[in-house]
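Chains here go by letter, A, B, C and D, matching the order in which they are written, and residues are numbered from 1 within each.
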Amino acid sequence: MKVLQEKIRQENFYEEDEFLQRLLKQYMDTELFSYADKQLKNFGQRAAGPIDERARHTDRDGQPRLEQYNKFGEEVSRVWVNEGYRQTVKETYETGIVGYVHKDIPEIARKGSYTYSFAQGYVLSQAEPGFYCPVTLTMATAYLLDHYADEDLKEAFLPHVLATGDTELYEGATFLTERQGGSDVGANVVEAVQDGDHYHLYGEKYFASNAGMCGVAMVLARMEDAPEGSRGLSLFLVPWEGNNLRIRRLKDKLGVRAVPSAEVEFTGAKAYLVGEADRGFYYMMEALNLSRICNAVASLGIMRRSYTEALHYAEGRNAFGRRLVDFPMIQQSLRELRVKLEKETTAVFDMIQLYEKVTESEATKEEEVLNRLLIAIMKKESAEQSIDFAHEAIEMHGGNGYIEDFVTPRLLRDAQVLTVWEGTANILALELLRLVNKYEAHTLFVGMLREKAEGSMKTQIDAMEERLLNFSNLQQVEQELEAKSLMKDMAWLYEDVVYEQL
Amino acid sequence: MKVLQEKIRQENFYEEDEFLQRLLKQYMDTELFSYADKQLKNFGQRAAGPIDERARHTDRDGQPRLEQYNKFGEEVSRVWVNEGYRQTVKETYETGIVGYVHKDIPEIARKGSYTYSFAQGYVLSQAEPGFYCPVTLTMATAYLLDHYADEDLKEAFLPHVLATGDTELYEGATFLTERQGGSDVGANVVEAVQDGDHYHLYGEKYFASNAGMCGVAMVLARMEDAPEGSRGLSLFLVPWEGNNLRIRRLKDKLGVRAVPSAEVEFTGAKAYLVGEADRGFYYMMEALNLSRICNAVASLGIMRRSYTEALHYAEGRNAFGRRLVDFPMIQQSLRELRVKLEKETTAVFDMIQLYEKVTESEATKEEEVLNRLLIAIMKKESAEQSIDFAHEAIEMHGGNGYIEDFVTPRLLRDAQVLTVWEGTANILALELLRLVNKYEAHTLFVGMLREKAEGSMKTQIDAMEERLLNFSNLQQVEQELEAKSLMKDMAWLYEDVVYEQL
Amino acid sequence: MKVLQEKIRQENFYEEDEFLQRLLKQYMDTELFSYADKQLKNFGQRAAGPIDERARHTDRDGQPRLEQYNKFGEEVSRVWVNEGYRQTVKETYETGIVGYVHKDIPEIARKGSYTYSFAQGYVLSQAEPGFYCPVTLTMATAYLLDHYADEDLKEAFLPHVLATGDTELYEGATFLTERQGGSDVGANVVEAVQDGDHYHLYGEKYFASNAGMCGVAMVLARMEDAPEGSRGLSLFLVPWEGNNLRIRRLKDKLGVRAVPSAEVEFTGAKAYLVGEADRGFYYMMEALNLSRICNAVASLGIMRRSYTEALHYAEGRNAFGRRLVDFPMIQQSLRELRVKLEKETTAVFDMIQLYEKVTESEATKEEEVLNRLLIAIMKKESAEQSIDFAHEAIEMHGGNGYIEDFVTPRLLRDAQVLTVWEGTANILALELLRLVNKYEAHTLFVGMLREKAEGSMKTQIDAMEERLLNFSNLQQVEQELEAKSLMKDMAWLYEDVVYEQL
Amino acid sequence: MKVLQEKIRQENFYEEDEFLQRLLKQYMDTELFSYADKQLKNFGQRAAGPIDERARHTDRDGQPRLEQYNKFGEEVSRVWVNEGYRQTVKETYETGIVGYVHKDIPEIARKGSYTYSFAQGYVLSQAEPGFYCPVTLTMATAYLLDHYADEDLKEAFLPHVLATGDTELYEGATFLTERQGGSDVGANVVEAVQDGDHYHLYGEKYFASNAGMCGVAMVLARMEDAPEGSRGLSLFLVPWEGNNLRIRRLKDKLGVRAVPSAEVEFTGAKAYLVGEADRGFYYMMEALNLSRICNAVASLGIMRRSYTEALHYAEGRNAFGRRLVDFPMIQQSLRELRVKLEKETTAVFDMIQLYEKVTESEATKEEEVLNRLLIAIMKKESAEQSIDFAHEAIEMHGGNGYIEDFVTPRLLRDAQVLTVWEGTANILALELLRLVNKYEAHTLFVGMLREKAEGSMKTQIDAMEERLLNFSNLQQVEQELEAKSLMKDMAWLYEDVVYEQL
């Protein structure tokens, strides 16, 4: 007998998502929307079809593999990926998901925008969050080169990082983490030794995502005479191919298996300084803010996929003589999921508008602080939600939800990384403290809410104002204990405000 | 450089757990405790050592495999398990984890108890929740045979199900779920055709855990002339070896990979009726209550392991010049985990005391209702907590927590099944409705709290009383919408009461 | 330090093979050669490059996999192959390796030939013998349909079997072997039940190569009222997609892992009669002769690859202060391999010329007998040689030759099937007996040698004549004991004669 | 339907082998035979049962795996083997297969003998040639320590190498081969740097069998001031545990997958000199002779298993209305296999008698030369035969023989190493030249044949004498071209002589 009375699956991750279309229409000008809408229809279909199918294969049987040695015993540190994966790489970058943030779209003779890129990322990560990761690393690499590299470096590398089929693609990567340091980037010890106009790197990076697939990696290292701590770190561009480096091993990760995450050893790798020496940490923190938005977008993708999978299953499945979707408890669950998804999507895209302004250097100092604040609270909230959504999708499927033939276990496994990558809740809480204690971010936040709410939701905003004021007056230790629950409430209020005004 | 300044791992899952020892001392008489304490010290060491090591191997590389055909092309439906796993099976059953609930412990010439068995299960599931599952299925099988089988069946099979090294072990299994039915057991269609003193079964079971490993399976099926729905179901004992049945496939599960979960096809399998015809569903529901307690115990095991892993990592790991454990936020997280763990463990073992009374038929009608109620709310709460604990353990490890070399991803993958197995939150909520609307369980619950609290916590209990009263007066649809959050609050209050009285 | 002083690998399996080019020039008219030469240069490069690389992946990590059930538990019997493999399938059939034997090559507006097709097969099987197998099955299917199917069947299926990118490709397959029968095809029991203008098949085939990949299979089955033995067998065309059949399992073969070989169960599969009822066995025996030539061609491919691998290794590797290739023993081995390879290639392509005549129905009765004889002895000899060559290649590499990073172990594993498929030495020996005792094939053989030798090699031919005469006068039992060594000597003499005349 | 009418499998690799029993009775004194016969009955049963079953698992799914890093990213170079494999290791060494060659058997208060050990090896390698390899490496290690180590080293390590359950077992290993050198051991470059009473090794060994499993390895290295070539090599004992060495990778071998063969890097590994400096090469060559006998014994094991598998299949399988075994061609094949097996077994055990004398230092100079000669020709012949036998077993099974569910593919894969390990045919041919040209070994060989033949087989021996004389007068280049075929004929004649005299 049949499990489902009727099998329903999505045909197009964009076309069937009217809420997204509505948001994009609001946040894009007509010209760009008209272009993007057409492209996303195409991409949405491929994401729901072949890209999803390949993602399944990559996750279960076709993960990237390290080839440490060739047959002659020579160390090669090559990463093998399956042919379908290579096809997804090609198709995705050719949409301009990275390139058109920085260069003109030929058809309309103008640049795209982060908003468009994140819409693509939202669609893509419904199928393959593990591959959206390399894309976001390439975005961060493009950002760093575009903003801080000198003209020679830019000329040599940026066209490849922005490739859309016009030239050879170099995927990017950002290597921060070291074994002993983890989130404590300032403890890094990889060393850079000058050699004329370039450098040689020595040491090990411990969570080097996209290793072996990237054409260039952006790497934090410490020059020989540099001070301790984060101020002593410089940023380097390291070309991958033929360089003096080795991959010790690929990490056996719970999820996002499409991205090869490695332990990388630099054994004198040639490297080029990016920007000013000793500003590396600050450049990387900027890139990190971009990555945190990417993380939020990936979270939305997983939330959306979880919701639609749960919905379709509930519509097709019978129990106790009714369709699942006819039970009040089920309806309630689905409704709560849908509303939260819409609110969070609205908030994240609202936040992205501010980010566009910041990266275009059109923002005020206050807006920059606000931008960092929103990124911190929305990164945290969306990552936690993506896990909850994945759990809900599993439970809606009952026993089937626990079986890897269904996408639900992968959704959970992939979602779990999102609370860990780019800063855990604790790290983000410390960011809140910094922003509040140093930049009065809490005042800016309440101001923004008031403005956006246009008079409505006064009670809630007032209550938040008072709570934030109290918070700002606490000792640091007490702030630490309070920060995470506060951030959750800030996120929910922000979401309510922007959703109501939609 | 080192990840951890000092590597700390548990040597003994029992000996290092003083809280558990305190609980057991309270809930066992001196003679049994003295025996159990010694045995658990031994078992706790093996669980933290070789059993844990084997569990890791079984999960990652050595999962059970289906051998459908032999080399001659004949269907054999054999399940292969690795040799280490077989060793764990042997060592575990020989502790009497199943046997001594029903038969005498030679050393002390008296039966053990569920309390002792669950203490063993709590220790075991810290290492290998996937193998505690078969143990609990064997417990359910033993329960059903002991309570409902006739003497001939008992004589033939019970000694094997209770084997502790004295005779050949038959692991048990309970097959309820069918493909079209899922939790809706009443929709089952597997058919039983009489043939003299026995029956032949035809049809398919869809989530048949321990298939291929079990010696006997307890199976619900419908006799030819039986009515529709759950009343038409009878319970059968099906010997596995040489019987007419085949395994279609093993499920590729997210976690608990040690237990082979299969789709089983009965093609005329010989079967023996257990108890009265058409009472099968009710027998199985009794067994299900036992399984739900087992589920709660497994949840506790995962919570405990998650907590200790998080603690040890925080103690060994440095960041920003301090040990993790020296950060207030970290201390807060660890403290919350420890307190919740202790409360929930206390509540579950309190509930088990009532269960002992019920299975010994020494309980009143009201106590039976209360027992079902506590099982429903504690199964739901503990399963959800085990997932949360696993998330916390992952986050405490940062990036490492997401890597399968650490136990943390497995803890999450294993925990996830616990909200799904033996009834999802929705199913348990329906149980609450049934108990409240039919048996006034809410009144019994409040009465019990009052009695246990001995006057303390009056405010909270009064508030709960009022809330339950309101709830009991709602329409069913509104009850459904309210039930799950109510159950959570009931669980927390129950835990607070018993923890305070400890 | 380096294993090889200089790494040498083939760039083009055709262009670097001057001997093959010389043979083809001799056996093709100018027009076809000119076309084929250009195409083979292209194909030879791809075979030595990406096709070889994919073959390596398919063999070691990317073998075809059976997906028995979909996620809903429904039996689907789908065979998964990796994306690179799919690319090789596409590229190969689009060369017309099957199609242009039967239909016009657009560029030159005329059909190709078996000679051309086998030249392609020789090149292909140097990279991927396991995929040349499906090609040859498709060739056999095309042969059977072209010669024996009625116009309706032809119209419906033949264009697909001959597809070169112009329409959807249906790969072919021929299912003879049953579990109990093996080579004893007459013992087959798969049953065909008539249903109007078509049939339904019931029963099992045990070595069904290309199952799950084929679009149509040619299947021997017995009609309900048919006599026992091979005369009772009819030939059926069975469309694969959506038909009533299931794959029990894929065989875990020593080599040629690219081709999925399955146990297939027909559960009422729709089938169409091909040709006359009860002539099926004879049709299949004709197809088998084609397959035996294919087998010989695959053997040549493996011999060639083994030789070139051994040569290049000996050229690049130093030992005891010299290159391996400078040792007399090594030179001797390489020289013997080269000469044997050239002789055998010459003989096989000589034999193919006769086969072209036979399939065009331009041959005399005697030539048909001779054709069968040559096929039997050359199939046997070439298969044995391919194994010997693979051993030699391994030994030339020393320890490296035994490591799967090198192609040598795969060459041996693949070669080993060639003595087993399409008739073992014993089966072929029985064919010799049949041809000698029934058709005086020995006389025809000697006559042919005399004619080809044009007076030379008289002593050897006379000796062979006498030996064959004696053989023809032996009792069957004695013939059986003598047959295999006789066949070897016949093969060597035939090779010597045609090689000398080249 | 059934593949085999009746399934026949061996129950006991010793008890069912009457020919072996007859040989052993002849070559052992009564006391030792009486003990050995009893032990071998036991071991033969385990080899045919659980050891064979585990060997199958180890080969197909449970191969040794390299754990390069622990979860904290620290290099550990640990080799994992499955638990069944560990059991086979334990059971086998406890039979005294290594120990009782050098120490007393408690039950009979006397040493065993190589003859007994090789009888055990013959039985074992019918089940698991891949594990017999480590045993033989341990034998070689024991030999080297016993003959050449000083008393301190002996005391510290020999008891462990000879362990039979009485103390912790250290398996042995011999590391000769380097990447650039292969068989050209004199080209080795691993360096030994003195440090007081011990040394530190630096460099890489390329085919280091039993790496990671061994407790001690015997390693050839060159002291800092040592001359080039084989005279500059010293022999060192290297304890494995906790030493400065790493495993780069395990080789992915065609067969004998039970033994981990690695590339090992010494990064200052502590080492102890064995015997005189610069005599290392000669010691190792002595050990190599022992290893070549082991190789021949393993070949016999594979030949025996191939023969019995072929025989049982032919007895159980029907085709064309008869059992396979009733066809004259089949009978001929089986008879030829059996006779060759018996002859070769006789010859190898005859050769072992001479070896016993040599290792006991009771042999004359001439006998030592003869011993080396016999070892060279019998190693070569037996290895080639084991491959042929494996092919024959495969062909006897038809298509089934090619399927890994049957043991036949493994027999071929395992056999293939035997022509490669311990010297290829070319290397052995060079040994023949050395022995003939330097020590007149050809004269000794003929003398031995005459003596053993006791007057019979005069014609053949005379012919051989003449041929050898001619050979000895050839130029080296011509000798090289002739040597391999000559060795084959010498082997066959030697076998005929000793078999006739049995």
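The rule we apply is simple: contacts are C-beta pairs under 8 Å (C-beta built on N, C-alpha and C of every residue); 3 or more make two chains touch, one makes a residue touch a chain.
These numbers were taken from a predicted model, which means no experiment stands behind them.
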{"item": "A-C or B-C - the one linked by more C-beta pairs in contact", "value": "A-C"}
{"item": "Chain located farthest away, centre of chain A as origin (C-alpha)", "value": "D"}
{"item": "Inter-chain centre distance, chain A versus chain C - centres from mean C-alpha coordinates, in Å", "value": "52"}
{"item": "Chain B-chain C separation of Cα centroids, rounded to whole Å", "value": "57"}
{"item": "Overlap residues in chain B, where contacts from two or more other chains coincide", "value": "2-3, 72-73, 179, 206, 400, 403, 405"}
{"item": "Chain A-facing residues of chain C, complex", "value": "2-4, 7, 54, 61-62, 65, 70-74, 82-84, 87, 400, 403, 405-406"}
{"item": "Residue numbers on chain C that touch chain D, as the complex places them", "value": "1-3, 60, 177-184, 186-187, 189, 206-207, 251-255, 317-320, 327-330, 332, 387, 391, 394-395, 398-405, 409, 412-413, 416-417, 419-421, 424-426, 429, 477, 480-481, 483-484"}
{"item": "Chain B residues within the chain C interface of the complex", "value": "68-69, 72-73, 179, 206, 248-249, 263"}
